[in-house]
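In the two assemblies presented below, chain A is common to both, partnered first by chain B and then by chain C.
Up next, the complex of A and B:
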């Protein structure tokens, strides 16, 4: 599993505008992160909560539908949350526009 | 309060036509404070469900999460991607617009 994680991080090296990446397991504990630990834990915790709620919301609205990912654009940057089988990835980037 | 919302919607009818002419499935505009549906292209029950879950619950959660991480930050818009379509949620001060595409 950590090989996939490494490969994923490597893919993001070449992309500009990225402030930070957090790969976290399903307990909300960051496995790998390019941000400092405190901040990563903070983010992972909130994003974990959000993934669960978002998944429930989508399921409530349509039982056949599935939550895939969520992009939150804020005043300063953009947070992309993408849950997967064993973990979820949070990417924080500077929007290019 | 509801009057101003109706006025805003009226002024933006041209925009709304343009948005709905594109690849969208529909839209819902809701009042932030009361949670009522102001305008929608869906039937009322689904629209209200969307408002209750998406607009109020999820957008509120995201806003508090973002604010918790950085108090000066705030959500501009939200894009929730699902298997079938995508929700675009734009919360403002007074109202929230949700578009499905």
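Up next, the complex of A and C:
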């Protein structure tokens, strides 16, 4: 998994407008991150809660459906949430162009 | 508010790929919807919970930031969540093209 995560981080780091990337396990513990450690932990924990809530909402509405990803717009930036089997990825980016 | 909601519903109804639209108040009660009533109530309630969770997560990470909107991808469709002052809009659409 580690090589896969490294590869993905490398790919995202090349993308314009990206502020930070966090790869976290499902205990909300960051595995890899381009952010300062404390901030990465804070994001991982909160985005973990939001991922679980989204999964649960989608399943409750239709037990055969599955949550794939989420893009959130905020006043300051966009947050993209991409869950995978063993970890989930959080990308924080500037929304402009 | 009613005319504004009607106008918005009309605007969205013309968009290709849209499966359904729900306008709900913050008690999770649908004000207007193009879906069957029971389904609209179900969606409004669940999306209300998710909106509140997203707002809370964004605020907890930075008290000066604000949640604007969310786009969720699922196996079957996309859900777009747009909160406003007195109500929030849920758009369910096919993600293809």
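What we mean here is this: the second predicted complex is superposed on the first by the 96 of 97 C-alpha atoms of A that agree within 3 Å, B and C clash if a C-alpha of one lies under 4 Å from a C-alpha of the other, contacts with A are read in each partner's own complex, and residues count from 1 in each chain.
Rule of thumb we're sticking to: a contact is a pair of C-beta atoms (placed from the backbone, for glycine too) under 8 Å apart; a residue touches a chain by one contact, two chains touch by 3 or more.
Everything numeric here is computed off the predicted structure, so don't read it as measured data.
Once the two complexes are laid over each other on the shared chain, residue contacts for A:85 go to neither chain B nor chain C. Residue contacts after overlaying the shared chain place A:53 against chain B and chain C alike. Using the contact criterion defined above for the overlaid structures, shared-chain residue A:27 touches neither chain B nor chain C, since it reaches no partner. According to the touch criterion, the shared surface of chain A, contacted by chain B in one complex and chain C in the other, consists of residues 42-43, 46-47, 49-50, 53-54, 57-58, 60-62, 64-76.
Those residues of chain A that touch chain B in the complex are listed here as 39, 42-43, 46-47, 49-50, 53-54, 57-58, 60-62, 64-76, 79. Residues of chain B that touch chain A in their complex: 49-50, 53-54, 57-58, 61-62, 65-66, 68-70, 72-84. Contact residues on chain C toward chain A in their complex (touch as defined above): 42-43, 46-47, 49-50, 53-54, 57-58, 60-62, 64-76.
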